[in-house]
Structure formats: C-alpha cells, structure tokens
Amino acid sequence: MELQVEDTIQWLEKSNEKIQQNKDYLTALDQAIGDSDHGINMSRGFQEVVNQVKSKQYDTVSDVLKDTAMTLMSKVGGASGPLFGTAFLRFSMRVKGIDPISQDAFTKGMEDALAGIIQRGKAATGEKTMVDVWSPVVDYFKGTTIVQADEVAQTAKKAMEQTKEITATKGRASYFKEKSIGHIDPGAASSFYIFEALSEVIKGEG
Amino acid sequence: MKKIINDPNQVVQDMIEGMIAAYPNELKQISGTTAITRSEAPVQGKVGLVSGGGSGHEPAHAGYVGKGMLDAAVLGEVFTSPTPDQIYEAIKAVDGGNGVFLIIKNYTGDVLNFEMAMELAEADGIQVDKVIVNDDVAVEDSSFTIGRRGIAGTVLVHKIVGAKAEHGATLEEVKTVAEKAAGNIRSIGMALTPCTVPAAGKPSFQLAEDEMEIGIGIHGEAGIERKPITTADEIASELTEKILADMNLNNNEEVAIMVNGLGATPEMELYIINKKVNQLLTEKGIQIYKTFVGEYMTALEMTGCSVTLLKLDDELKELLNAKSEAPAFRN
Amino acid sequence: MKKIINDPNQVVQDMIEGMIAAYPNELKQISGTTAITRSEAPVQGKVGLVSGGGSGHEPAHAGYVGKGMLDAAVLGEVFTSPTPDQIYEAIKAVDGGNGVFLIIKNYTGDVLNFEMAMELAEADGIQVDKVIVNDDVAVEDSSFTIGRRGIAGTVLVHKIVGAKAEHGATLEEVKTVAEKAAGNIRSIGMALTPCTVPAAGKPSFQLAEDEMEIGIGIHGEAGIERKPITTADEIASELTEKILADMNLNNNEEVAIMVNGLGATPEMELYIINKKVNQLLTEKGIQIYKTFVGEYMTALEMTGCSVTLLKLDDELKELLNAKSEAPAFRN
Amino acid sequence: MELQVEDTIQWLEKSNEKIQQNKDYLTALDQAIGDSDHGINMSRGFQEVVNQVKSKQYDTVSDVLKDTAMTLMSKVGGASGPLFGTAFLRFSMRVKGIDPISQDAFTKGMEDALAGIIQRGKAATGEKTMVDVWSPVVDYFKGTTIVQADEVAQTAKKAMEQTKEITATKGRASYFKEKSIGHIDPGAASSFYIFEALSEVIKGEG
C-alpha cells in the first residue's frame, strides 16, 4: 500500500460518508452506555474535516492529517474529539517529511496514533473503548508485510464486535459498568468505520 | 421549557456578549473564541490561570475572572467541555512569560480537552501545568467522569490559586498550593428538581413530587440515592457526615464552609442549611474560619444545594482572604 | 411544594440563625427580634440606616447590612411586613446620636408599619426620617400598594444612601440624596413561573406552560399583561421601553443598569437580557456607567427578572462606587 | 356611660369573642377584595390582647388601652395592625390621667383614634376602609348627650354595610377597584365587631 494526498482525502471522505450514514446508529450506541451524542459529535466533526480538506490544496499527507486533527479537535467535542484529534495529530507528526506514505510509514503513523489515544485517554485495551479497535488494527499492520485491504476491515470489525463482551471501565460508559455488557462501544464503532473506509481506499488503489 | 433566551443554540454567545457588556472594563472576549480574559491580560511576569468547562454553571467560570482570581475562563456549550483550540487560545492570551496554570474540574471531557490544549501550548514553548479538582465525595465514577467529579469546591481552588499567582508565585509554587487546596477540599450535592439544557428542551431526569436525590452531579448525573424529602436539618446532616467520613478533620482544625445553591434554590434555604452545618461542625469542635453562602457553581435552574468543606492552614487562610476583584467573587 | 426547610413557620428564624452563623463578625441579631444589625452598631455620630420588609427577597434586606450600606434590616415573615415593635428596636439599636433614616419599599403594609415605628422612636426623642422607594413603573396601584410598588431599585437606593451616611452626612443630607436616588430610579419585572410561600404550601398564582407575565410584583401580585413567552430580546425591549417611557433620559445622560433575577432564573439568562438592554440604550445614545447583573431582590423561587435604570449625576456616581462591605454587595 | 378598667377589659374580651367567631367570615371578605388574611390577622392579634390584659393588673383604662395598642401593633401584622394599633394608642394617650372614662373623655379618645387611623392610612371617608365605620361612630358620640348602646351598634352596622356600595381606592382592595363593589370591607367588618362589643358593654353597665 501507498498513500498519496488524494488517497488520504478520499479516506476522510469515505469515513465521513459512513459516519453520516450511521449517525443515528452511533448515537443509539451511546444512548445505551453513554450520553447519546457520539453520532452527533462525529457527524459534525467529520463533515467539517471534509469541508476543510476539500477547500484547500495540500502538498503532503502530513498536512492533510494535521488539518484533520485540528478540525476534529475543535469540532467533535466531548471525549472523542481530543482522542481522535490526538490520534491524527500524532500520525501527522510521525509522517512529516515522508511523501507518499509507504506501508512502513503508515504503520509507524498508526502506532503513534494509538499511543496518543492511550496516553490521552489513560486507557488500556480491554476497557471497552476505541482503543480496543485501534490496538488490533495496529497489530495487524505491524505483523504484515503486504497489507490486505479486506483484512484491515475484518480486523476492525471483529474487534468492534468484541467490545460487546467487555465491561466498560473508562469514559462515560464506565458509569454503567455491568449494564454496558452486550453493547458495542460507540467509539469502537466509529473507529471501525474509519478503518473500513481505509480498507476501501487501499482496495481501490491496489 | 420556560426560558428567557433567544435561540437555544446561541445561548453561550449571547451570554458572553451580555457579560462583556456588563463588565467592559474588567473582561474581554478573545475574538473568535468563547474564552474570556481579564482586560489587562497577559499580566507580565505573573503565572496565568485558566479554568473553564461547560456553560450553565454561572457564575462559574467567567465570573471568577479578575485580579486575584483567574486570568481566563474558557466556556463550552451548555454542560459540554470547551474544545482544545479554544483553551489553547486562552492559554496563549494569558501567558505573561512565567507559564500558565490550568484548573480543571474532573470530568472526562474537560480533562481530555484541557490536557490536549496543554500539549498544543507546550509545543509552542509555553510552560503549562495543571491541577484536577475532584472534590465530590458522592460517587467514585460517574456518567461523565473517571474518578470523583469536580464540583463547587473548585471555586475555592480558583480563589486560593488565584491569590497565590497574584502574589507572584512561580508555576511550581502555584501547582504546590493548588494541589494542597484540591487535596483539602470535599463537597457533595443534592437536588429536588432537575434542569433543562436549552438545546435539549426537556429536563434531563425526573424526580417525584416528594423525592430528592443525594449526591447528584452538577449536570444532573446520578448520585447515590433517591428518597423522600426530609427536613433541611436532616439533609444538612447527611451531606456533612458524608463529607466528614471522607476527611481527616481533627478537633480544633479550621475549615471554610461553602453552601452553594444549584440555581433555583431560594437563598433563604441555603442559610437554613448553613445553620445546621455550622452547628454540627461546632459540636464536633471544628473551627469555622469562614463561610460562603450563595450561588457559586450552579446547574442551570436545578433546585438543590451542595456543601463544601475546605481544611485550612495558615497559608490557605491568607490566600482565601486575599483581595479578589472578579465580578462574582468580591471580598 | 419542594423546599429545603424544617418547619414552614420557622423559616425566618432558621434563616436568621444561618446568616449570623455565616457572618458572625459582621452581623448580629437584636435579641428577641427579627432584626439584624452590623456588629459595630450603633456607629456613633453616623446617621443610622434601617430598611427591611417581608422575607423571601434574599439577599434583600439583611444581605445589605454592613459598612457602606445599611445599619440594620428588619425581617418580617415571608412576604409580610415586619411589625412596628421590631422596627422600633432596630431604630433604637442603630441610633448613633445623629438620627436614623428609614428606606421603605412602597407596600402599604411596609409603609404603615415603618411609619408607626418612626413615631414610636420619635416619641423617645430619636430623630427619624424616611424615603419611600416606588420604582416599579408597571402598575399605578396594586393588590399590595397604594401608588407604585418598590422593587429591585431599592437596593441601589440602599447603596447610595449607605455611602452618603457612611461619609458622615447629616440626616437632612441623607434624606436629600435618598430622594434624589429614589426619584431617578425606575424598574419593571416579568415572570415565567410562580413561587410558593412556605406557610401557604402552594403557588400563589398560575401561568400556562407558554405564558409569561409582564409587570409582576415581587410577591407575585398581578402585573400588566399575560401573554405567550417571546424571545429574551423582545422581553428586554419591552421592559426597557416601558421604563424609558416613564423616564426623562436625554442623549448622553448616564445610567446604571440592574438586571435582577427573581430567584430561579439561571444567571446565563440575566446576561442574555443584559446584552439587549445594553444594546438598546447604546443605540439611543444613553451612556452606561455601571451594570449590575445577579440576584439582588428575589421572590423566593420565582422564575423571571426585572430591569432597573438609575439616572446618574456626579454625586450619585461617586456614592454608587463607594466601598460597601455588606455580605451581598461587595465592590 | 362610664368606662372602668374592668369594662375596658370586658370590651376587649367581647371584641375578641366576636372576632374569633367570625374569623373565617373576615378572611372570606378579604379574599373577595384583598389577600385573604384579615380574619387570621385579627384573630391572632385580639387573642394576644386578651391574653395580655387578663394576665396583668391595671390601674388605669389608659394603661389597658396602651397594652392593647402595643399588642395589636406587634401581633396583627399587615395594614390593619398598625392602623388598629395607632387607634388604640391615640385613644390611650388622650385619656391618660382620666379614670374612670366619662362619656366626654371616651368621645375625645375616639376622635383621636379616628384621627390616628386617618393620618396613618392617609385615608378619608368614602374609600372603603375601616374609616367608613369609625367616622360615623365618632360622629354619633360627638352628637349625642346620652349615648344609647343600641345606637352605637346600629350606627356601626349600617356604616359597615354601606361599604358594600363603595369602590375601593385605599389599601389592598383598591387594586380590585370596580370588582370591590358589592363586598363589605373586611376592616369595616372587624371594626363593627369592636363597636358591637362596646355597645354590649355599655348596655351591661347602663
């Protein structure tokens, strides 16, 4: 795989489409174990990201990701805003000066992004958060010489679904503790859409 | 929903304009943001103090901006943390060269957004440090928080840290006193009726006509127990006992009391609560050094109150008494 | 009725105890009465200032007792004038040898009881004079008043007259400035929801879910009009226009604004009102010298607000700015 | 007629009895054109007066009336407290040093009492207040050489009933203006009970 500026923009656009399509579903997930705003937050934020990156000319993937980070940070709100913002910001910093993004660079960017989420959210895997999707996806990238688009999506999907089984301990859902079992974590679901979108971009490109 | 507003989605902007109109010489809005600073910001050489959080807690936080207290408050939408970009602008605006200190109420959203802003500012070479206030002894985790929530006690932390910074303390000294104050403070609240976020249009929870909730949070998030309303004396006793159970207070130690109204409670009732809190502490041989009764950290038009105790030493007493010129905290 | 009280018939006594407990160095209760004085009363040589009225308007009136404002406040039962014997005790307690001045809100009960007390004191050889504040432009007569009612503007009269007396003015000088202040002040209120007198147990009136009342009094007595709730901007405009129609304000004249919450209105909404009041006055070329936003004269937990304009001259400006140490009016 | 200390106490007791009996009626009158507390106010105040004057020894009528005034003033509340308080205080001052009270002294006391009410309330006759009962009763005393007990009661009663026809302009009832027509003024009614009681005392004595 290899990511150019246009691929990156396409990734964000596809992510946005999925989030807009599933806005109500994401909110419903958050209703079950949170405060019913995740779909609203993410749809507002990603719409702004797309408006932003389509209105400008970019020379580097890093710049696209930096604008994405800043927009998510200022527009998503709640807990997920700074978490996704941190992820994209760290990614952007790590791939600065590299263009296009090789699979190796992408993997390093993903590693830093995950580390950023973990640091920001003081979360570990197994706490029923977006970390539980990001972490296996990063593992997949690290353990693979040639990334298979479908496996990216499948890894993310399986991880998302497994969040059903976990008792929440971090973030808002943690308040619901036992009650949270049986529900997919909203941030895990929105992270899945982002990786499903990535998989489609990789597929289209490769 | 009965409210004196224009557009439910415009309440924070309208409020900010109304505040600046009221205090044009004291406060200014950082243009393009929902952050308010003292008009003289940045104060050269002084550690800049920034706090903030969701709106709907007025006079917190913008009412505490002024000489002797905060340098800036960053206002989010109602009951929603402000975003890092806004906080970042406030940090830059109050940096007087000796660093900026953040006072954060322990709500996941607030903590994440303020910490992110802190990193952005640090990347700019501004020295930033923080304290997280988690004074609410009601619940360990809540629907909005990992760990204890930060509630009305935060205002006394603003006061103390504000005085310390005003006296020319370094960032490190400011942090030390902030941690002492935050470590010495405990609160708990209760409510009789809910509140309505303007954009939501309906109350966020319901209580029966004879019911109250002990330990409720300042956004209406669940507390410890719902039960029939009892007398003011019993309510005051329950809140005080829950605080004391969590605090190491010995005979003859000195405290400040804050009896805080959540928005719609007549001041009369706050004084009735204070009567009993005062009596209970006095009976236990605890010295009451200073008492604050009023609306300091509200939850829109929620009916209810919170009680806060702050254990004092000489330094904290001096800082508590130091002059503040913030619109909502004059002494 | 959801209230944080003990016995509905004991609320005033409980409140007084809670107030004295909160400010033991600043306030004292005249024993056996419901009157509260500054702890240093009587101040020798100073004209003593006494105000008061029914309870339920907190922080009025006891919150305004302190250096720079009142010497005593006499508290009646909720929404009921104190009796002459109580007022008489307060007059005696604050007489520092140069006379005592009474600030009375224009309600028939208050006027009769204060005037009666005044005669009792005069019979004792104490010089007593008074001003009757009738700032409410809403209605000419009301269910509680002959002539216009006295409402939130009274607090600014306390402030101005308090500063004058503190500066050592004679009884006559105090009266002159009191009459000027009272003559220059106009207010009007509005409400969204009623309030409940504890001893009555049920709301004193009803408003439909979409209804507001313009010109309502601070006990819930009828105003001018009931109609569907409009926007904050429209409410602010209506209140401001009604005041201006009754006031001779020329271009470039200076005013103080008070936007007062009636008890349950979030402070956010008061600032939203202030935004529009400020804008309207500015458009008319009226200079806004100072703005007060908050709860100054409440009606228990009524939801609503009042707007007050005070026309200023140099003397009034100076007195408005003079230092006050009253618990509820610090500057 | 002639009033001794005991007569005066009897007058107050009889007044109190009538007020207690008609407490709800007085409140109902105040409900129609005021704030529904006149019966409560008067019953509280006169009960205290009786408790007070029966617990002490008096040498002069003036002293009885002074205690009555002070008690009414501090216990009745509202507008009527200072009004009745003023009336009895002025009466007491006028008859100071005179014992027992002759008809002439009584008339002078009544004149001063009425003047006190008028001064305190800034009221005139024809404004639908207690003045509309006190004024004709005082006139009767002034115009009669030998007071007839029944005529005192009848004068007061007729005057009270005539307050029905008046539009209120003073006191709380004034707010109701037109609406007040057809209702007896509460303070007029309680004043009638006081004069009816007086008439019974005079009768018993004469």
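Read from first to last, the chains carry the letters A, B, C and D; within each, the first residue is number 1.
By our rule, a residue touches a chain if its C-beta (ideal position, glycine included) is under 8 Å from a C-beta of that chain, and two chains touch if they have at least 3 such contacts.
Listed by chain with UniProt protein names: A, B, C, D = phosphoenolpyruvate--glycerone phosphotransferase.
Owing to the predicted nature of the structure, the values given are computational and were not obtained by experimental measurement.
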Checklist line | Co-neighbours of subunit B and subunit A - touch as defined | finding: none
Note to self: Averaging over Cα atoms per chain, report the distance between subunit B and subunit C in Å.
What the structure shows: 28
Item checked: Approximate Å spacing (C-alpha centroids) for the pair subunit A, subunit C -> 57
Next item on the list: Please compute the C-alpha centroid of subunit C, do the same for subunit D, then give the distance between them in whole Å.
Entry: 33
Check: Roughly how far is subunit A from subunit D, going centre to centre by Cα mean, in whole Å?
Finding: 85
Check: Out of subunit D, which residues touch more than one other chain, so two or more?
Finding: none
Next item on the list: Indicate the residues of subunit C shared as contacts by at least two other chains.
Entry: none
Check: What chain pairs are in touch here?
Finding: A-B, B-C, C-D
Note to self: Quick check on the complex: what are the subunit B residues that touch subunit A?
What the structure shows: 76-77, 80-81, 83-86, 108-109, 112-113, 115-116, 141-146, 221-222
Next item on the list: In the complex, go through subunit B and note every residue touching subunit C.
Entry: 2-6, 11, 14-19, 21-23, 55-56, 58-59, 63, 192-193, 209, 212, 229, 231-233, 235, 257, 263-275, 278-279, 288, 291-295, 298, 300-301, 303-305, 328, 330-331
Next item on the list: Would you pull the subunit D residues touching subunit C in the complex into a rising list?
Entry: 34-35, 70, 73-79, 81-83, 85-86, 120-122, 170-172, 174-177
